[in-house]
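Each of the next two complexes has chain A plus one more chain, namely chain B in the first and chain C in the second.
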Partner chain A sequence: MPLALIVDDAAFIRLRTRKLLEENGYEVEEAKDGEEAIQKYKEVSPDVVLLDITMPVMDGITALKGIKSIDPQAKVVMCTAVGQQSLVLEAIKAGANDYLLKPLDPEKVLASVKKLVGK
Partner chain B sequence: MRRVLSKEGTVIHDRVDYSDKELNLLKTILAKGMESVAQVVSDMIGQKINMSVPEVSLMSYDELARICTCDIDEPSIGVQVKMSGNIEGYVALFFPPASAYCVIDLLLGNERGTSSHLTDMGGSALCEIGNLAGAFFLNYLADATSLRAMPSPPVLNGSAVVIQELQSFFGGSDQSGCNKAFVAQTVLSYSAESVDTLFFILPTHESLATILGALKKSGKESDGGT
Partner chain C sequence: MTSDKYAFSEEDIKLFLDETLEMLEVLEEEIIKLEEEGEDRELLQDMFRLAHTVKGCAGTIGHNRMSDLAHSMEDVFSRIRDGELMPDQTLVNILLDTLDALRSLAVEVTPGFQGEKLDIESYLTRLETAASKTAKPSETHETSPIYGISVEFYEDTAMPAVRALQVLQVLGELGTVVDSQPSASQISEGEMTGFNFFAVLEPALSVTLEQISENVSDVPDVDSVECSLDGLDEEICVSEGEITEVNGIEEEDDGSSLGDSRRILGRVSDHAIRVDIDAFDRLVRITSEMTIEQARLVEMQRRLTQSDAFELEVVQGLEQVISQMSRLSTELQEEVMKARMTPLAHLFRRFPRMVRDISTKLGKQVEFIVEGEDTELDRALIDEVADPIIHLLRNSVGHGIEHAEQRLAAGKHETGRVRLAAGYAEDRVIITVEDDGRGIDSRRVRESAVRKGIITQDVAAALSEEEAIDLLFRPGFSTAVEADDVSGRGVGLDIVRSNIEKLGGTVRVKTRPDEGTTFQVSVPLTLAVFRALLVTASGQRFAIPLSGVVEVAQVPVGKVKSIGTGEVIILRGRVLPIFNLNRFATDNAGIERNRKDDLIMVVVRYEDSRVGIIVDSLLGEQEVVIKSLGILSGWVTGFLGASVLGDGRIALILDIARVIEKTLGRGRLQDRL
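Let's turn to the complex of A and B:
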């Protein structure tokens, strides 16, 4: 069963996304900020990471760079409400595989995750 | 905005007396930003949301505090998001408790009337609305002006605490010498429920000058907006 790591400071979003992914055959781990995400990535090596940008302690762009430095092949989908073009470009440049705008469309989340993990 | 210069030509004081044209321009851009927020909140909640015509005014903090109590005895619940970058200031939402519980039930998929107090998960759901409001307002502004600013993670507090923080922020950082906040306000109403949310955008006076400058530079001032 593919493993997804959900990184978001909002418990509400983690709950919603966890439910969606578990109902569609994924195992799920969670982290509530960028620092915890990097730690969790080292521990569980997820198949895909869903990563928010605006978070306390460490933001998503910094966490993305940290994850990519550990595993350049890491599959990361940015899931954020911040859609400013310059930020999207920065995330793609830092190695993000996809960029989804909140509020998250369940079909788009599943399509993106499936595409990246091949399930 | 009129600027008073020292003999050396350094701006020492921004008097907050906008021309009618500038005020209309700011009102238009803030109102359009608010409309984009109303749309995304509507998408998130899955309910049609009506937005009152936004009002733009200079408001004392006492007046702001009075409005944010929503004229009820029970303190309202506030969500604040700080904007930083080219644009500084706050986006703030105030929910009367009954509205907050209704919105939480909608977001969590509960039956209406399930929530009667604020849980961690309910607070997180309200914060997510604040997160969307801050982010989508700045997304709109970035599209319209090419200015870049980031929202902070949302913070949930009682309305009195939010007002104190706003006053502290503006009192400490605003060089205009103005003891009033420039406030764009509207009311979001949910069609199926008789609940309202007060939605405020409070840019610093310096940020308003930046927005006006960017609009003038991009030539969008002539038609009163974007």
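Let's turn to the complex of A and C:
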């Protein structure tokens, strides 16, 4: 079963996403900020990361760079809000594979994740 | 959809003209380069890009014929680039003709254009025919192809720029993205409004269209991908079809029947200069500082009117403001002058084409070298030197350079060489036109001058070599010798010299039989400011341009002699007609003969003529800024303009050529000025 890491500072979002992914055959790990995300990535090496951009302690872009430095092949989907285009562009340049707009659309989340884990 | 919101302002049209004509100029230069230096990928890429941009601009302004023709040209460039076509002479000729046609088409959008609209059919056909004839044998098909990739994203894509960036990244792995729409930097800045993306890709070896299509489709939100071999999708280039033709704007024609050289220059926007952004910022800064000082002045005036006591504080403040203001205005003047400086490249880049045309027509082989095109000159001067240089270049190709057989017979390389060079020499710019042709035979010049009645046999025999060659610049020397369209229409070197001298410049010639001829034109850096000799006469001040002053002399009244209706002074054995500045208004009235003190005379020169101007006193040399006399200029003859001196008084600036003409009563100058 592919492993997904959900990074978001809102527990509610983590919960919703976890449910969605578990129902569709994924194992799920969680982190609540960028620092924790890097830590978790080292521990569990997930197949795909859903990474929020705006978070306390360490933001998503910094976390993305950290993850990419550990594993250049890491598959990362940025989760963002409308109006953060410049941040998303920066993320894509830093190696993010895709982005998803909040509020997350279940179909799109699944499509994106599926494409990246090749399943 | 023809609401006024989409109408083009005059400003838009001007920008369109400026920009497209400039691009066409560069393109022209590059076509010539292509012929000379053969295929160069980068060069072709640039040509392709230029044609493409011209097409885009024409489409945007709604000029469909122009955009169609540019499109055909672009096709040819891409086929040359892809190795399918050979840029041989026939093709280059057709491309150059097409370029001229594009120029004419561009001019059609000028408000008030009343000429005939160009039919592009014949150009299209010629391009097509040439394209089919000159197809290269397929074995040389080694250059990699170019793919056009058109991507559409779903219309609900939240951040199309991000997707476009991802497409760019994907394409980057498959080859080199040559160009894209929106461009990579626009995308990077998030500037993308629509949901279409278009890229030109130079694929890496063994990358197939299918592969590209597959990888691009993998980017999320991609609705469709179309890949084609070198095909640029029409939709992209021709913008929203809702823009109407602009030709219809009717206005008074400015009566411009463009002369030959003007046509070569293709100049429409004579009055535009481009200003370096830093220079402009400095101007803005100076102006705003001046505004502050101005406000301080107003404040002081208010305080002065309010208090009846003399306030030391106010006076000191005034002194400060005045010194600030004078510093600022000097700075401002310098900056504005600098802004007028334009590189000669703008002018020079038109010449390779002209030289090529002339040498082709005459069946001569000429290598044309341009140097020092970075040299900057006052914009107004650039326009003025254009005609003389065109004339000198025609002269070099037409008369200087020999045909190949003659050159070989003389032991020279069969290809002649014409060099156009520019450079600085102190506060002047020197422009050199040099050829390695047959040179000028001074014996034939003497004979010819005698035959034309310019000088007598005896005088001819007494002239030094240098003086003999200088006869070329005499009025009437080269007229009527040949009025072909290569060496000019009966216009001689005398016009070249007088035009240059009008600018305060000089023309010199050096020649050696069988080795070649060099013409050297020297002009001041700028026209607007020049050094002048300040004099007084009848209580007025006058400025005499120093470039025309030969000497200043004190002469006893007794030396004045009357000859016919005029007066002359014998100075060192030379008869010098005199012009009395004291009475310029009464048309060269005579000199008061019973005065005791010596006359002060300024000897001025124009072409070969010298005249002594009688003045009351000399005030010295000074830099003067010329101001037009405006509506008065037709009324007061003999003056170039006026200048405001330091004390606020006005000095009229003498037009030496006119003063001499007036004094000598010669008709020839009159015809011309």
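Note that in this section the second predicted complex is superposed on the first by the 117 of 119 C-alpha atoms of A that agree within 3 Å, B and C clash if a C-alpha of one lies under 4 Å from a C-alpha of the other, contacts with A are read in each partner's own complex, and residues count from 1 in each chain.
Everything below uses one rule, namely that a residue touches a chain if its C-beta (ideal position, glycine included) is under 8 Å from a C-beta of that chain, and two chains touch if they have at least 3 such contacts.
If you're wondering where the values come from, they're calculated on a predicted model, not measured in any experiment.
Peer 1: Could you classify chain B and chain C on chain A, in the superposed arrangement, as clash or fit?
Peer 2: Here the two partners, once superposed via chain A, fit next to each other without clashing.
Peer 1: With the two complexes superposed on chain A, say which partner A:54 touches: chain B (first), chain C (second), both, or neither.
Peer 2: It touches chain B, and chain C stays clear.
Peer 1: Is A:88 touching anything from chain B or chain C once the two structures are fitted on A? First, second, both or neither.
Peer 2: A:88: touches chain C, not chain B.
Peer 1: Using centres of C-alpha atoms, tell me the angle at chain A that chain B and chain C span after the overlay, to the nearest 10°.
Peer 2: Result: 70 degrees at the vertex chain A.
Peer 1: Counting touched residues of chain A, say whether chain B or chain C comes out ahead.
Peer 2: B
Peer 1: Once chain A of both complexes is superposed, is A:115 in touch with chain B (first), chain C (second), both, or neither?
Peer 2: Touch status of A:115: second partner only.
Peer 1: Is A:9 touching the first partner chain B, the second partner chain C, both, or neither of them?
Peer 2: first
Peer 1: Give one of first, second, both or neither to describe whether A:99 is in contact with chain B, with chain C, with both, or with none.
Peer 2: second
Peer 1: So in the superposed three-chain picture, is A:17 touching just chain B, just chain C, both, or none of them (first/second/both/neither)?
Peer 2: After superposition on chain A, A:17 lies in contact with neither partner.
Peer 1: Look at the superposition and give the distance in whole angstrom between the closest pair of CA atoms, one from chain B and one from chain C.
Peer 2: 9
Peer 1: Using the superposition described at the top, list the residues of chain A that contact chain B and also contact chain C.
Peer 2: 82, 85-86.
Peer 1: For chain A, which residues count as touching chain B in their complex?
Peer 2: Of all residues in chain A, those touching chain B are 9-13, 15, 54-56, 80-87, 102-103.
Peer 1: Please name which positions on chain B make contact with chain A in the complex.
Peer 2: That would be residues 40, 43-44, 107-108, 120-121, 124-125, 127-128, 131-132, 134-136, 138-139, 142-143, 148, 150-153 of chain B.
Peer 1: Over in the complex, which chain A residues touch chain C? Could you list them?
Peer 2: Those in contact with chain C are residues 82, 85-86, 88-89, 92-93, 98-99, 101, 111-112, 115.
Peer 1: Under the stated contact criterion, what part of chain C meets chain A in this complex?
Peer 2: Result: residues 158-159, 161-162, 165-166, 169, 187-188, 190, 218, 220 of chain C touch chain A.
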